[in-house]
Amino acid sequence: MPKIVQNQDPIETKDIPGNTMIEMIKVSRTYAPDIKALSDISFTVDTGELFFLIGRSGAGKTTLLKLICNMDTPSKGLIEVAGHNINNLKGKKLAHLRQKIGVAYQDFKLLSDRTVAENIAISMEVSYKKPRAIRQRVRDLLEQLQLTDKHDALTGDLSRGEQQRIALARSVANSPRLILVDEPTGNLDAATTERVMDLLTRCNKAGATIVIATHDASIYQKGNHRVMELRNGKIHSLSRNSR
Amino acid sequence: MNFWFAVFRQAGRNLRQTWTSQFMTFLTVSLSVLIFAFFYLIYTNMIGAGDRLSDDLRLIVYLEDDPGPEMQEQLRRKINNFDKTESIQFISKSDAYERFAEQLGEDSDVLTDMPRDFLPASIEVVPLKSLRGYNQIKLFSEYLATLPGSEKVQYGQEWVERFYYFTRLITIVVLLSGTLLILTATFMVAYTIRLTIMGRHEELELLKLVGATNNYIRTPFLLEGTLQGLMGSIIGLSALYILFQWISLHFTGPGLINLFHFTFFPPMVIVSIILGSIGLCTIGSFTSIQKFLKI
Amino acid sequence: MPKIVQNQDPIETKDIPGNTMIEMIKVSRTYAPDIKALSDISFTVDTGELFFLIGRSGAGKTTLLKLICNMDTPSKGLIEVAGHNINNLKGKKLAHLRQKIGVAYQDFKLLSDRTVAENIAISMEVSYKKPRAIRQRVRDLLEQLQLTDKHDALTGDLSRGEQQRIALARSVANSPRLILVDEPTGNLDAATTERVMDLLTRCNKAGATIVIATHDASIYQKGNHRVMELRNGKIHSLSRNSR
Amino acid sequence: MNFWFAVFRQAGRNLRQTWTSQFMTFLTVSLSVLIFAFFYLIYTNMIGAGDRLSDDLRLIVYLEDDPGPEMQEQLRRKINNFDKTESIQFISKSDAYERFAEQLGEDSDVLTDMPRDFLPASIEVVPLKSLRGYNQIKLFSEYLATLPGSEKVQYGQEWVERFYYFTRLITIVVLLSGTLLILTATFMVAYTIRLTIMGRHEELELLKLVGATNNYIRTPFLLEGTLQGLMGSIIGLSALYILFQWISLHFTGPGLINLFHFTFFPPMVIVSIILGSIGLCTIGSFTSIQKFLKI
């Protein structure tokens, strides 16, 4: 059973320096005209942690992930990722940090007129990986996600669940230090969900910090990790699964 | 050179995957260059023809009497003081008689009974080419009429006036349509490039999110822009050259040879046009893409 | 417990004339180069039935729904919807039939630069409903789906789960006789899923035939209805939940 | 009229929501109409000017002797047999003398000693306007030279030749650039419309899926096309009219008034241009949208 700690102050975990991957201090995000997507969020995620973000639809999970990967800027507050204040980063430095962050977006952001292999390769190409290494990695990932036969299919032709797996594959392809995953199993059946979680667990074991936003109770209720629940843009609870 | 490898791979992919819109842009650039160069060519040839037509412009000052050598010197000085000239020629009464006889040709026997000085003496003034505005000519002729001994100044007023108005009209028409067209062409090229890039904004955004540097994203597009500018201008100019050859071939009639001596652009102008086209396309791509990189 | 009937021959249910909403006979769909998305599918859905379609990711659920609403044409076989051979329909007749079919697509197909209200209204506008009736219906639906405050928001700005509900609202807005729903709860939490299912049940009670393609065991395992499982484009089982 | 209500609502929405691309299309149409009408106007005025210039074309047949009335009748018949003419005028030796005296003006006293028949008699032939091709004139002059008693035929060969070559050249230039431009404009309008519609293919597809009839989807776009054609052509023509007024104002110089009597299009042509523009835009929208409806 999870141990629920209402509105826990995350300062205590912040004290371990060099070990914090994400740190948010009093972060708010307001959209025009008056939508408070996030208000006063403070928490930290340690390096190597597997962290779950849950909450009802519209609670602000995606907004939070967007802030972490600098797709969006907070209205207020401070966000540090791997020791960098991500809102002050620009140009090359921002690009290099982003190469170390893999994101599986909720709307996938796949290039529908490119092949599956090209879509997965894109994150590796950007950091100038060798073509042979890229080919090898793409094949490995497709095999793990049971999509080997889709290697040369156009991404736009795939089924929704297949696309979701491609988006995930792209996010982990470049072996990033931080992986943000938004609703990775929304279009997947139980067996495929298992495979996806296996892949993520393996990445986590290899040292990557992973933040997963999800509704799927089956994936966050087992294992020993922290789960943060958002409600109307506020932290409702931050607890550690005891199992 | 990982960077350049990536850039060329990306540019190659773009060309392969979006070749229809690339081709449209290329066509637009070609047509624009063709139209621009066409009008520029007409303009330069028109100016050349104007120059050549006004070659035979001369003002004739009829004098009361044959001027003596001293008087000639004085008149020459006075004229040159007022305005620089190409040449000043004095024609005595007997010179005029001989010219007239020559003009009459076979019929010159009608002059046998005439005194050799029945035609007046005159000065033929050819003004400098650079000073041939219609108003300047008029001013000049008014001045010449005040010279001592001058009776009347003739320069085919009507003809000169017509000619000047006509060239001015044509120049204005060519300049106006040229401006109009160049505006249209620039607008079109810019719009086409913008739409092409807009059509790929998903890819551009993804590249940014995935950690591509601005140069990584931008360079392939600039390369494409450069290529389109280069190819477009070369094709446009080639088409114009073929057109030019065709027109030249159909206007080798004897009547126009001395009026229109068609010339194509000198190499310098060709190079400038190509460079200009490349510059415009590259700048167009640059500004269009810059919007995405700033978001 | 569901009663599993392997590869059941659906001819027996076809015998009740005037009562069959969807009828498929030996339908196959092959994509170039050689992807058998569906092969030899035969089944019927009765008028007023609530029918579930399940299967792993890539099994062919979406393809089947696309064939029913004539978004795609079968490579082989016959499809009848409400007594019409849907592949022979053209022009106005096809348009009128489509007005009677509401579809919630897996990829939503929302117009992201229009407001929520405009998106929902579109299916009613097409059949020339009165503006007042449209406004009323849109407000009702938004209330049932807890989206009242998003009435004038641009659809592109919404969270994924909110978009999913808008897509559903659009599919039922025009009170169609047949509702096809593809993965309606992939981005929704349990409580919101409940609301969505309530809405669909209400439509079903009002006489609409509903086909739901889903992975979510929680929604198809309760109630008394038939569940068809696809596997690799073939019917693996067609059973009736006994509860 | 539920259908028309829906159509107008949809068209209004489109205009509101995609006004930038609508505006771009509108601008393209305006520019295209402006360019087309501009060239067409130049062409018609050029033809008018050509007509007026060749008004003073006449062939002069110098005769050995004054022809008697009978001879005149015979010559007149022969000439008219060969080719229709505008007018034929006989000038006797004394007529010629008087004309020459008139031309000399003040200096006519030089002629006092001359016999009144020292100038030859002649026939002035003004050919029909419709028969004034350069080659026809040449043929005609060759025929006139064979007339009995004809000594020499003059018609300012050089001037006529130049004039014909020049107008022919200008005509070709205008036609060529006109064709080029009209092609470019049509291409541009078609491409812009296509891109505008392509940019909304999601909406079009959704409408189809949701059960909209083809007319429901198509009519708003056709309406937009019609509106763009109408507005574009009106704005383009207005711009041209302003330009035209400006040029006219700057060319009221006396020298050109008789050469170029500028005229704007007659109402019929204006209406045709507007209808043509509307037609093209509507057809463009129609074909572009038809692709989506067939899918």
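We just call them A, B, C and D in the order they show up, numbering each chain from 1.
The rule is simple: a contact is a pair of C-beta atoms (placed from the backbone, for glycine too) under 8 Å apart; a residue touches a chain by one contact, two chains touch by 3 or more.
A quick note: this is a predicted structure, and the numbers were derived from the prediction, not measured.
*Asks:* Shared touching chains for subunit C and subunit D?
*Replies:* Chains that touch both subunit C and subunit D, as defined above, do not exist here.
*Asks:* Looking at C-alpha means, what's the farthest chain from subunit B?
*Replies:* Most remote chain from subunit B, centroid-wise, comes out as C.
*Asks:* By number of C-beta pairs in contact, which chain pair leads?
*Replies:* Summing C-beta contacts for every pairing gives the maximum at B-D.
*Asks:* Take the average of all CA coordinates in subunit A, do the same for subunit D, and state the distance between these two points in whole angstrom.
*Replies:* Going by mean C-alpha positions, subunit A sits 69 Å from subunit D.
*Asks:* In whole angstrom, how far does the Cα centroid of subunit A sit from the Cα centroid of subunit B?
*Replies:* 63
*Asks:* Counting only Cα atoms for the centres, state how far subunit B is from subunit D in Å.
*Replies:* Taking the average C-alpha coordinate of subunit B and of subunit D, the gap between them is 24 Å.
*Asks:* What's the distance between the Cα centroids of subunit A and subunit C, rounded to whole Å?
*Replies:* 31
*Asks:* Multi-chain contacts in subunit D: which residues touch at least two other chains?
*Replies:* Answer for subunit D, listing residues that touch two or more other chains: there are none.
*Asks:* Line, ring, star, complete or other: which one describes how these chains touch?
*Replies:* Drawn as a graph, the chains make one closed cycle, so a ring.
*Asks:* Touching pairs of chains, all of them, please.
*Replies:* A-B, A-C, B-D, C-D
*Asks:* Using the touch definition up top, name the residues of subunit A that touch subunit B in the complex.
*Replies:* 69, 71, 91-92, 95-101, 103, 109, 111, 113-114, 122-123, 125-128, 170
*Asks:* Using the touch definition up top, name the residues of subunit C that touch subunit A in the complex.
*Replies:* So the residues of subunit C in touch with subunit A come to 31, 54-58, 62, 106-107, 157-162, 164-165, 183, 186-192, 215, 217.
*Asks:* Across the complex, what residues on subunit D touch subunit B?
*Replies:* So the residues of subunit D touching subunit B come out as 24, 27-28, 31, 34-35, 38-39, 42, 110, 113-114, 118, 158, 161-162, 164-166, 169, 172-173, 176-177, 180-181, 183-184, 187-188, 191-192, 195, 243, 247, 250-251, 253-256, 259-260.
*Asks:* Once bound in the complex, which stretches of subunit B touch subunit A?
*Replies:* Checking each residue of subunit B against subunit A gives 2-3, 6, 9, 17, 202-203, 205-214, 216.
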